[in-house]
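What follows is chain A paired twice: with chain B in the first complex and chain C in the second.
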Partner chain A sequence: MTAYIVRRLLILPVILIGVSLLLFAMLQVLGPVERSALYVRDIPHTEGAIQAIIRRYGLDEPFFVQYWHWMVGREDPETGEIVGGILRGDLGFSRTGREPVIDLLKRRLPPTLELALWSMIPIVGIGIWLGIQAALNHNKPIDQAARVFAILGYSFPTFVFGLLVLLVFYARLDWFQPGRLSTQFSQEILKPGFTQYTKLVTIDALLNLRFDIFLDALRHLVLPVITLSYLSWALLLKVTRSSMLEALRQDYVLTARAKGLSERVVINRHVLKNALIPVATIAGSTVASLLNGVVITETIFDYPGLGSAAAAAALSLDVLTMLGYALFTAVLFVVVNLIVDVMYAVLDPRVRLE
Partner chain B sequence: MSHLLEVKNLVTRFYTEDGIVHAVNGISYTLDEGESMAIVGESGSGKSVSVLSVMGLIPSPPGKVEAGEVILNGRDLLKLSPEEMRHIRGKEIAMVFQDPMTSLNPVLTIGRQMTEGIELHLGLSKEEASQRAAEMLSLVGIPNAEDRLNDYPHQFSGGQRQRIGIAMALSCNPTILIADEPTTALDVTIQAQIIDLVKKLKEQLGMAIIWITHDLGVVAGLVEKVAVMYAGFIVEMGSVHDVYKDTSHPYTLGLLESIPKIDSKEKRRLIPIPGLPPDLLKEPTQCPFAPRCRYAIDKCWEENPPLVAIAPNHTAACWRAEEIHEGLRIDLPAGEPA
Partner chain C sequence: MTSSAETTTPKRPVALGEEFYLREQSRLEQMLGPEWYRLLKGVVTNPLSVAGLIIILGFIFMAAFAPVLAPPPTPNWKTTLIPRDGFKPEPQPPGTEWKRNAPETIPFWYKTLTGRDEWVHLLGTTSGQYDIFYGIVWGSRTALLIGGLVVTTSALIGIVIGSIAGFYGGWVDEVLMRIVEVFIAFPFLVAALILSSILVPIFGRSIWPSSIALVVFGWTGYARLLRGDILATKERDYVLAARASGAKDLHLILRHILPNAIFPTLVVLSLDMGAIVLSFAALSFLGIGVQEGYADWGQIVSFARAWILTLDKHWYIIVYPGLALLFYGLGWNLVGDALRDILDPRLRGSRS
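After this line comes the complex of A and B, so read on.
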C-alpha cells in the first residue's frame, strides 16, 4: 500500500514535466515576433524594438533552452536580475487582469473553490444518495423519477440550462441575483472588522459570526451551484445506480443473505462497499471537472472566479493568462487523479496488491 | 417418526415480462437428521429454485413461493416473518454456492466474512468468533488458518475458496447443509477433493445434506437418496441404488445413458437426450418430458403423470414407470443422428 503510493508520487513530477512541455510546445506555435508581444505592456512598433525584446527574453533560442528558461527563469541581460520561471511562480503578466497571472489565479481561486465545494453537497447528497435509493427500489416510482432527472441533467447543455435558470429565478422571479455578494457586503468584507480567514465568503462569514453575509453569499451561490452541479450529479446518480444494481446481482450478496444477515448489513457492508468503488473514481474526477467546468457557469452568473477570468482572457487573446489557467487545470487533474488512484487502492484490496 | 425437514407440495413461480415461469410445480420430499440427499436435474429444472425457496431467498419480485409447506422441526418456514427466517438461515440451514470465485465478497477479508455469521448466530465476541473461524478454516484444510483470516478472497485458489465457503456455511453448526452445485465450477481433481472433504465433515459433524447437481456421477458415493427433477417436478426419487439400478423414469435413464463410463469394456456411444429443455412459461398439463421421450404413449400427451410409488421408498412420475422398472428399454431408432 505504502509502496504503491510512493510509486505514484514518484511518477507525479514526470507527468507534470510532460504536461508543461506540452503546453510550452503549444505556445511555440506562435513565432518569436508574436510572442514578443506577450511580454510587454506597450507593443513596440519599430522592427529594432521588437528585435530588442526578442533578444532580451531569448525568444529565438532553441526550444529546450527556452523551455528551461520558461521553467526556472532567465537572467535579464540588461538589468542582471532573474525574470520569468514558472517554478518561481512567475507566469507572466495578465493583460485582462492587469496584474501578474499568478496573483490573478490566487485571487480568483477561492470563489471558484467555494462554488465547487458547495456543488459537492447536491452531487454527493442527492446524486449518490438518490442513485442508491433508485437501485434499491428498482423500477419503482423513485427509480423512474431519478432516471428522468438524470437524463434531463446530462442532456441539457450547461449554457442553456444556466440561462434558463437565470431567466426564471433572476429575471422573472428576482429571487437570486448574479455575482458573488450584494454591493454593500462586497465592500464590507474588505474592511478591517471582517477577517478573511479562508477567502471563502460563506465560511469566513460564519467564522466572523456574520450570518447576514453568510445568507447573502449563499443566495448568490444557489443558481450557479445548481447549474454547475446538475450535470455532475446526474452523471453520479447514473453511475451509482447502475453500479448498485450490478453489485446487488452478485453471488456474494446471496451468500450474505444466506448467512442470515439483516438487509441493512447486507446493503451497507456487502453491497455498498463494492458498489461505491467506481463511484469514488467518478466523484474524484468530478471535483476536478467542477473546478474546470466553471467557465460557462461563472460567465453566465457573473461570478468572479477562475472560470470567468479564463473566459475573459480567451475572448481578448490573453495568451499568458490562458496558459496559466491551463497549467493550473493540468496540475489539478494530475493531482486529483493521483488521489483517486490512491483512494481506489484503499477501497479495493484487489488493486492494492497488484 | 417425524422428519428433520419436510417439504410439501412446494410451488414457486416467477412473474416476468414474458409471462409466468413455472419454476417449481409442487414438489415434496423429506430429509431426516444426518441424512444426505441429492437433487439432480439439468439447468432450469428448478433444483436451485426449490432450495432457495426453502431458504426464503427467492428474489421477490419477480419470484414468489405460491404454495406448500417447508416444515423444519415442526415449524413451517414459509409462515415465518423475514426477521424470524434470518435466524434460521445460516444457523439451522446453511448454504454453499456454485461459484467460489464470485460467491465471496472481494472487498472483505475472509475473517470478516466468516465472523459476521458466527457473531450473529452464536453470539460470540469478536475474538472468540475469529478463533472459531480459524478453527473452521483448519477443519476444511486451509493451512495457517489464523494468519489467513486477514487475507482477501483473491489471495486464495478456487478450490481453497470453496473450502472457505464450506467452512463459512458450517461455522454455526447447521443441522442442514445445502450445497448448490459446489463442484461445478472446479477442476475435476479439485471436485474430488471437495466431495471427500464434505464426506469427511459429514462424518465428523453429522449434519444432513442436500446436494444439488446436474451430474448423477458426482453424487453416487456421497448421498443416500436421490430426487431427479425435470421442469419443476420431481420425476423420480429413491435410494441411490434404486434410482441407478432400478431406474423407472425415462429421463433418469437418459441422464444415466449420457454419462461416460471409464471402466466399461465395450465401446459405447454416449446417448444424448434429444430435444430442448421444456418451456417453463407454459402451464404444465401434459407430461413435460413427453416431447423428448422415446417411451411416450398417447396418454403422456393428455395428462401429467403423478409421482407414485413403484417400490417401497421409490417413486416415479411416468405412465410407463412399472414397465421401465421391470426392465423395458427402447433403443434410439436406427439412423437417428445421435
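After this line comes the complex of A and C, so read on.
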C-alpha cells in the first residue's frame, strides 16, 4: 500500500504541471495582440502601444519561454519589478471583478464553500438513504421509483430545474428569495458589531448569537441547496444501490443470515459496512458536479460566489478570471481525488494488494 | 455469408452428444451475430428503452418535418434563425397574434388542430419577440446535429487513443493516460466554459466554440473506457491465435479486438447523445453558445434570466424549451440505461 500511495503522490506534480500547461496552451490560442489586452486595463488605441506591451510582457517569445514566465513571473524591463507568475499568486487582473483575480477568488470562495457544505447534508443523507432503500426493496415499487428519480435527475438540465424551482418558490409562492442575505442584514454583517470569524454567514451568525441573521441566511440557501443536491442525488443513489445489491449477494451475508443474526444486524454490520466503501470513491465526482453546478446555480439564484463570478466572466469573455477559476477547480479536484484514492486503498484490502 | 450460414445451421435443434442442443437461430440473429442481436432484442423488449426510443424517434420526426411543422416566414429564410415579431422586450403569452414575419403558408394540420386561419404564437414569444414554437421545432435539428457531431468526433478520438494505449501498453499507455488525467482534472462544464470563451473571438457566436470545447474535453471518457476493455480483450485466445498466424497490428485491432471490446462504449455513446446536448444548452444559457435568436433550446431558456422577478407570469419561456431538453435527455438516458443493463455481465440472467 505504501508503494501505491508513493506512486500516487509522485504523479500529483506531473498532473498539476500538465494542468497548467493545458491552461496555458488554451490561452495561446489567442494571438499576442489579443493577449496583450489581458495585461492592461485600458487598451491603447495606437499600433505602437500594443507592440510595446507585447514586447514588455514577452508575448511573442517561444511557447516554453512564455510558459516559464507565466508560471514564475517576468521582470518588467522598464521598472525592474516582477510581474505575473501564477506560482507567485499573480493571476492577472479581473476585468469583470475590477480587482486582481486572486483577490476576487479569495473573496468569492467563502459563500461557495458555505453553499457546498450545506448541500452535502441532503446530498449524502438523502442520496445514500434512497440508494439503500432501493437496494433493500429490489425490484419493488420503491426501487422502480428510485430508478425513475435517478434517470430524471440525469436528464434534467440544472438551469431548467433551478429556474423552475425559482418560478414556483419565489415568483409564485414568494417563500424564498434569491441572493445570500436580505438587504438589511447584508449591511449589518459589515458593521463593527458583527465579527466575521469564518466569513461563512450561517456560522458567523451563530457565533455572534444573531439567530435572525442565521435564519435569514438559511432561507436564502434553501433553493440553491435543493438545486445542487438534486443533481448529485442521481449518481449517489445509483452507486449506493448497485454497491448494496452486490454486497447483499456475497457469501458472508448468507453465512451471517444462516447463523441466525437478525436482519437488522446483517444489514448494519455486514452489508452496509462493505457496501459504503465504493460509495466513498465517488466523492471526487460529487465535488466535480458541485463545481460544475455552482456556476449555473449561483447564476440563477444571484448568489455571490465563485460560480457566479466565473459565469459573469465567461459572459464578457474575461479569460483571466475564467483561467483563475479553472485553475482553482482543477487543483481542488485533483487533490480531492488523491485523498479519496488513498483512503480507498486504506479501507479496501483488495486495492492494497495490487 | 447467409447461404453458407443456412446450409450449416439446421432449422431444428440438433442433438450434440446426449444432452447438448444447439439453439435455433433466427435469420436476423445470423445476420447480426449474437452480441448485436442480444443488444437489439434487449432494447426493443424493455418497456423503458422502448419509451426512450419512441421519444428519440419523435425528435427525429420533429427535425425531419420541421419545414411542415413550423414553416419559415419566407422561402429564402435562414432556417436556424427564429423569426421575430417586432422588438418589444416584454415576452408575449401563448396564443398572441403573429403580426410581423409570420409564415406565409399555413400547413394542413394547423387549422384542424388550432381552429384558426392565421398564425399565432402557439407557445408565446421570448423578449425580443422570438417565436418559441419555431425555436423548439427547429431546435430539435440543432440538438440532433450537435449531439451527433460532438459525440461522433469525441468517440472517434477516444477510440483511437484508447485503442493505441490499450493495445501497445507500456510507456505509450503511461503517457497517453497521464494526458487523459490532465484533461479530466477539470470539471467538464468549467473546462468547456473557459475553452469556448477563448474560442468565441475566433469563431464568433455560432455553434462552433461550444462544440469544439465539448469535443476537446469529451473524448477522455471514451479513451479510458475503451483502453480498459481492450486490455481485457487482447489477451483472449482468438486474439493470440490471430497474432500467432501473423496478423498485422491494425488488422488485429480493427478485426478482432475492437468489435469485441466496443460494447460498453455504446452505452456511453447513447448517454452522451443526451448529456452533450444538455451541456451545450447550459453553455448557451450562460451566454457562451450561439447568437441571440438562434434556434437552440438553451438559448431560448437564457431569455428567462432577465425575467426572474416575473417568472410566474412568463413561465412559458422556461417550461416549453425546458420540457424539450428534459425529454431529449430522458430519451437517450432510457436507451443508454437499458443498454447498460443488457451488457453488464453481472446482471445477465438476473431478469427473466
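Note that the second predicted complex is superposed on the first by the 332 of 354 C-alpha atoms of A that agree within 3 Å, B and C clash if a C-alpha of one lies under 4 Å from a C-alpha of the other, contacts with A are read in each partner's own complex, and residues count from 1 in each chain.
Everything below uses one rule, namely that a contact is a pair of C-beta atoms (placed from the backbone, for glycine too) under 8 Å apart; a residue touches a chain by one contact, two chains touch by 3 or more.
This one's a predicted model, so the numbers in the text were calculated from it and none came from an experiment.
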Q: Go through the superposed model and pick first if A:11 touches only chain B, second if only chain C, both, or neither.
A: second
Q) After superposition on the shared chain, which partner residues are touched by A:164: those of chain B (first), chain C (second), both, or neither? A) second
Q: Applying the touch criterion given at the start, work out whether A:277 contacts chain B, chain C, both or neither, answering first, second, both or neither.
A: first
Q.
Quick check for you: in the superposed arrangement, does A:47 touch first (chain B), second (chain C), both or neither?
A. neither
Q. Now for A:78: first (chain B), second (chain C), both, or neither, which partner does it touch?
A. neither
Q. Chain A residues in contact: does chain B have more, or chain C?
A. C
Q | Touching residues (chain side chain A, partner chain B) in the complex | A | 250-252, 254-262, 265, 269-270, 273-274, 277, 347-350, 353
**Q.** In the complex with chain C, residue positions of chain A that touch it
**A.** 11, 14-15, 18-19, 21-22, 26-27, 29-30, 34, 151-152, 154-160, 163-164, 166-167, 170-172, 178, 246, 288-289, 291-292, 295-296, 299-300, 302, 310-311, 313-315, 317, 319, 322-323, 325-326, 329-330, 333-334
Q. In the complex formed with chain A, which residues of chain B make contact?
A. 55, 57, 86-91, 94-95, 97-99, 102-109, 116-117, 120-121, 152, 154-155, 165, 168-169
**Q.** Interface residues, chain C side, partner chain A - complex
**A.** 178-179, 181-183, 185-191, 193-195, 197-202, 271, 274-275, 278, 281-282, 285-288, 298, 301, 304-305, 308-313, 315, 318-319, 321-322, 325-327, 329-330, 333-334, 337, 346
